[in-house]
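Which chain is which? They are A, B, C and D, in the order written, and residues in each are numbered from 1.
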Amino acid sequence: MITTLLYSMTGLLLFAMGLFTLFIHSHPLRKILAVNVMSTGVFLIMVATAYKPMPLGNIDPVPHAMVLTGIVVSVSVTALALLLACRVQETSNLDLLERKKQARIPEESRR
Amino acid sequence: MKTEKKSIRRIRNRGKRLDAWQLLLLFLLLCLTTVLGTIIWTMPENTSGLTDAVARLQEQSGVESPVTAVLLNFRGYDTLLEVMVLLLAVIGAWSLAKAPFSGQAADTGPVQMGVVRLLVPLMFLVAAYLVWQGSHLAGGAFQGGAILGAAGVLLLVTELLFLPAIPALPLRIGLVFGPLLFVVIALFCLCLTGHLLGYPEQAAGGLILLIETACAISIGLTLASLFAGGHPEDDHPQSVNPTEHSDKEEWP
Amino acid sequence: MISPIILPLIAGLLCFLLNRRTFAIALAAAVANLLAVCFLTYQLLLFGPMRCHMGGWQPPLGITLRSDGPAVLMLLMTAVTGLAITVYARGYFSHRILNLRQATQHQEQQRYFWPLWMLLLAGLNGLFLSNDIFNLYVTLEIIAIAAASLAALSGKPASQLASFRYLLVSLLGSLTYLLGVVFLYRSCGILDLDILQHHVANGPGIRAALALMSIGLLLKTALVPLHFWLPPTHANALAPVSVILSGLVVKGSFYLLFRLWFEIFTQLITPSALNFMGTLGAVAILWGAVQAMRQHRLKLMVAYSTVSQLGYLFIAFPLSRIDESIQVWSIVIFMALGHACAKSALFMVAGAVFLHLGHDRIKDLNGVRASLPIPVFAYGIAGVSLMGLPPSAGFIGKWLLLTSSLTSSQWWWALVIITGSLLAMIYVFRVMSRFFVIPEDYSVTTSAPLSPLLEWPALIMALISLFLGLAASWPMKILATGNTALTQVFPGGLP
Amino acid sequence: MNWEQWLLPAILLSSFIPGIIIFALPEERHRLRTVLNLCGSILKIVLILVMDTGIYFGYNFEIRLSLIPGVELLLNGDPLSALFATLSSVLWLLTTVYAIGYLEGSPNRSHFFGYFSLCVTVTIGIALAGNLITFLLFYELLTLTTYPLIIHRGTEKSLRAGRNYLIYAFSGGAVFLFAVVALQTIIGPTDFTGAGFSPSFIDTHATALALIFILLIIGVGVKAALVPLHGWLPQAMVAPAPVSALLHAVAVVKAGAFGIIRIVLDVYGPQNLLLLGVLPLLAAVASITILYGSIRALQQDDLKRRLAFSTISQVSYIALGISLVDQPLAVIGGLVHLVHQGLMKITLFFCAGNLAETLGIHRISEMDGVARRMPFTMAAFSVGALGMIGIPPTVGFVSKWYLGLGGLAAGNWWVVLILAVSSLLNACYFLPILIRAWFGKQQGPWPDELYSGRFETRFMLLIPPLVTAFIVIAAGAVANAQISPLAWVRFIVRKYGL
């Protein structure tokens, strides 16, 4: 019971921390990491949900399955995000701000 | 416009103390956390979730491990889509760039090589074991695939295996193999039992193991090629001259 | 019922596996998908809503697919638009490959476009059909990843940064949604929507869950305070991708949000919450329209008009209090359908103009009418639908909105709606008049003639959006078979 | 399905289908385009005459299409719609002939004639609309189809005019939409029954209904160019002459006036309006518009602008007549002026177009002695002008006569006063033109003489004004005959049981 709560609270805290970082930091890598921390938090709460105190029988496998799915999803999304960040860094040597501005202008013709 | 101003401020305050709106944000988040926390705290713990349902249908699922049963039988459809997510990540990654080509071979000392020579086969073994025991204990396709992926990463790092050099077709076949087999088996079951992924009860164990193995291989490849970060050299129709192909990076 | 999901899935895998004849595969899949959806509609009209248990496992354990009126209508919208997009994309890429430099790059873009688009289609269909709250999360993720990769496809820094932001935002959205799912599961222990519908007990846990899920979905739907990511992403992507994102993807998350609010958690919804949504919607309409008027580029203008049009969907929320289901469902369905067709037509036209002139600066669009008659015609018709003039589908939606806002004596929404359509008129015709100018030095950039594949899909989509209003009784009928409230309202079936 | 039902769609399609074909035609297929146009318009006239006789002998034409519960499209042929439909189809034929001559050799004719046909289709749709929703549908479509015609020249000036037109028209449309929805939520379906809704609603929603009436009038008043909603009309003069003729005599302004008639007679019904007591408002606005238009017309030197302001004042005669709805004679005067004003004004615009096309004359100060150069044109012009002033035996006299009688019968002396003053003003701004044209000495060459041939100008430009001028006199002379606008209007008023 207490353990469940402990895990859940930790997960919640991680979620909030990740959210805060996501908002205040502008560097792509930090943002990606922040999102990862958040997802970890969510998964932690999920796993905590799976644990059922004795009278109700032992473990609920469904959240486990969901966590596995979630982890895989977050892994793939993280990989994609990292690659995108790298591409952004490579393809334009501008400062982040310029790029942010530029992101509002549609593509120019390439002839 | 507004987001830009924010970002400007953020850039300025890099490393400085938090300014007003950040503090406000912090405060809001704390409130949120406390609210959610109290809700969790006060939440009644009496729901047993789906434990009993799983326990009831366990023996029909064809595997002992409840998690695997849920993952590949009861909620196999989720897993099917999830494998697609992985594949999508690879396609997305490949659409972004060609795998970076670091001209000279890496300076791999004898120790490193030795380690790799020892580790990689071992990893394959462990992966196979994980997949196999997935049917009755914790473990399964994803765990196995992860190990395989790690092995692939090791090979890539030491450049014993070099992705841009790999011909694209076999790689693609390897990547698609798992998901495609999954779909085919699903449709096969549809023909047999009239339900997508509705395994016939006696064959369930075998089919699940088959799917797991295939997926493990594909997932391993997926993770490895995600690490390689880009599509191999010859992965699109008539890419005749790589020079014109590689000048894609320069922008007008 | 599974074929709308499985067909594009297989097509996507094949497109990725063998990179010859990808267009043929995609086209076949799109057509087959349309046929399957039509058959599904036929079944629906015959037998009413249907369930399909994955793997034969009954809920609560198994995953259920369900086809009811709204779902089938969204599927139809997706299938028709999807077919048009597939054809258009073919014309778009081949035109770029033939006439622009760096042909290999365009070939490469095309090579990865097809599998991504097919899998995205599968994800969308899955979203519309799925009846399991966690499975919905997975489909959301499929859509997010595919959409982000598509948005980055054009390869320019601008678009890549935009799509990076888009990816982060949608990831944040789905995480929040997932947290909501966790809360829900913790308090009910159920994932299947039908059972939830009956087991929802009004407790803090469930309210928190609903709030979290709604926030996540709002983030993906780009309701106004959370819309910042949409215009750059939609305006910087390749034209077919903009069509996909603006016409279909935003509808997916909105549809889910709407179902959660008006089917599952109905008794949790308070008038204040509805009014809050409505207010945001009103702000979205006005703000989006004003922004659209201020833009200097066609694609950005169209993107902001998407922000504005999404507002109408949310203004339907507070009007749902009178005779719950029928009014609000029909409003939303008509708005969504009309907007999907009109907006895809607009983006197709924008893409065609872009390929023709090599830019889309509004002030330099003079005299395009002479060189591109069909796209300009399509633009006009689609604009009519956006402005909600009769007999377009947008008009039916607006009519229903106005009627219900006046019958429930909330006339201020009506004022917002009217103002919104006037602003829409201004920004649509600001461009239209440019098309009609006859420039004194009449020298359009000597570019290759556009293939009919680039022109006709736009016109057809525009015409559909126009005549959907005249055939309005059909969607109503489909909606009615799905929706018990409707059948109660019209016992004798609909006209 | 019987023929009465399919006649109305056939009437619409008879110009819609040619329009669509013309859009598809390549620019240089002149002959085919001309043939299509003429066949379409003649066919339309024939069909509409069939409908008229049918209506006279008591058939009722009606076809419904229900979109969603509460929204249904209804086409319905009653005497009033027959009046408007006949007027616009006949004048459309003449305008088409005129436009073919006018636009010879100018670019983008496919677009022009395409939109031209669509425009008249929509106008007939307004005439045949059987309920407010259908009316709204065609009313909005009219804005859309006339816009390309107004900006047809494609110059920045015409674009500005077009923009103003759009803003005025769509704002009016929005107000109208709002009012229609509000009205429907109160009284349910708004079919044009000829009796109006049941007075029981007045007891419950008096103020709401009065407000809605004002909103409706504002909505249609924009197109009817009631002061202060008239701003777009003078600017729209940049359009080619046939378009101006269409706008002023057939389509847009008339649609507005027709809307006012429909709202007063059919949607609300005379009794309800008298109960609500909002008609004096309408009468006041109409009178103000009459005087304002005439006074502004005095100040214009540009011929077309002067004609435009005179339109503003003339169309309000219709509103004035309708606003005295308890006086059948006044109503007759208003209704018949719908036709008469169209005939006279289109004549005037044809002639103005001829002057501009042939001699490049745009200003009145350039018109000295033009009658010697173009006697036929100026003869037609004079007929139209005298009609506007209201000299017998022209049709203008007939309408003013009935309006005056109605005013007297109601004991409203001010009506007669306004009529007199406005006639005086009309005389003040038309007679000088005639004097210049006929008796003035030609100073120097014409601004730019474009045409010199056997006739004074192109054949196809000359015929239409002569025909209309002839009708102006004939219809006035035989006003009491069995078949004349006046007779038909009497028929209408009898139908409405006034």
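Of note:
Keep this in mind: a residue touches a chain if its C-beta (ideal position, glycine included) is under 8 Å from a C-beta of that chain, and two chains touch if they have at least 3 such contacts.
Owing to the predicted nature of the structure, the values given are computational and were not obtained by experimental measurement.
Counted by C-beta pairs in contact, the busier of A-C and B-C is B-C.
Chain centre most remote from that of chain B: D (centre = mean of CA atoms). Centre to centre, using the average C-alpha position, chain A and chain C are separated by 26 Å. The centroid of the Cα atoms in chain B and the matching centroid in chain C are 29 Å apart. Centroid to centroid, with C-alpha atoms defining each point, chain C and chain D lie 43 Å apart. Averaged Cα coordinates give chain A a centre that lies 15 Å from the centre of chain B.
Residue positions of chain C touching 2 or more other chains: 61, 102, 134, 138, 141, 145, 148-149, 152, 155-157, 160, 185-186, 191. Residue positions of chain A touching 2 or more other chains, listed in rising order: 15, 45, 49, 62-63, 66, 69, 73, 76-77, 80, 84, 87, 91-92, 100, 108, 110. Counting partner chains per residue, chain D shows two or more touched chains at no residue at all.
The full set of touching chain pairs reads A-B, A-C, B-C, C-D.
On chain B, the positions that touch chain C within their shared complex are 2-3, 35-36, 39-40, 42-44, 47-50, 53-54, 57, 70, 73-78, 81-82, 84-85, 87-89, 91-92, 94-96, 172-173, 175-176, 179-180, 183, 186-187, 189-190, 193-199, 235-240, 244-245, 247-248, 251. On the chain C side of its complex with chain D, the touching residues are 330, 367, 369-370, 380, 384, 387, 389-391, 396, 399-400, 402-403, 406-407, 414, 418, 421-422, 425-426, 429, 433, 436-438, 469-470, 472-473, 476, 490, 494-495.
For chain C in complex with chain B, the touching residues are 2, 6, 9-10, 12-13, 16-17, 19-20, 52-57, 60-63, 102, 104-105, 107-109, 111-112, 115-116, 119, 122-123, 126, 134-135, 138-139, 141-142, 145-146, 148-149, 152-153, 155-157, 160, 183, 185-191, 204-205, 208, 228. Residues of chain A touching chain B in their complex: 1, 4-5, 8-9, 12-13, 15-16, 19-20, 23-26, 45, 49-50, 52-53, 56-66, 68-69, 71-73, 75-77, 79-80, 83-84, 86-87, 90-92, 96-97, 100-101, 108, 110. By the touch criterion stated above, chain A contacts chain C in their complex at residues 15, 22, 28, 31-32, 35, 38-39, 42, 45-46, 49, 62-63, 66, 69-70, 73, 76-77, 80-81, 84-85, 87-88, 91-92, 94, 99-100, 102-111.
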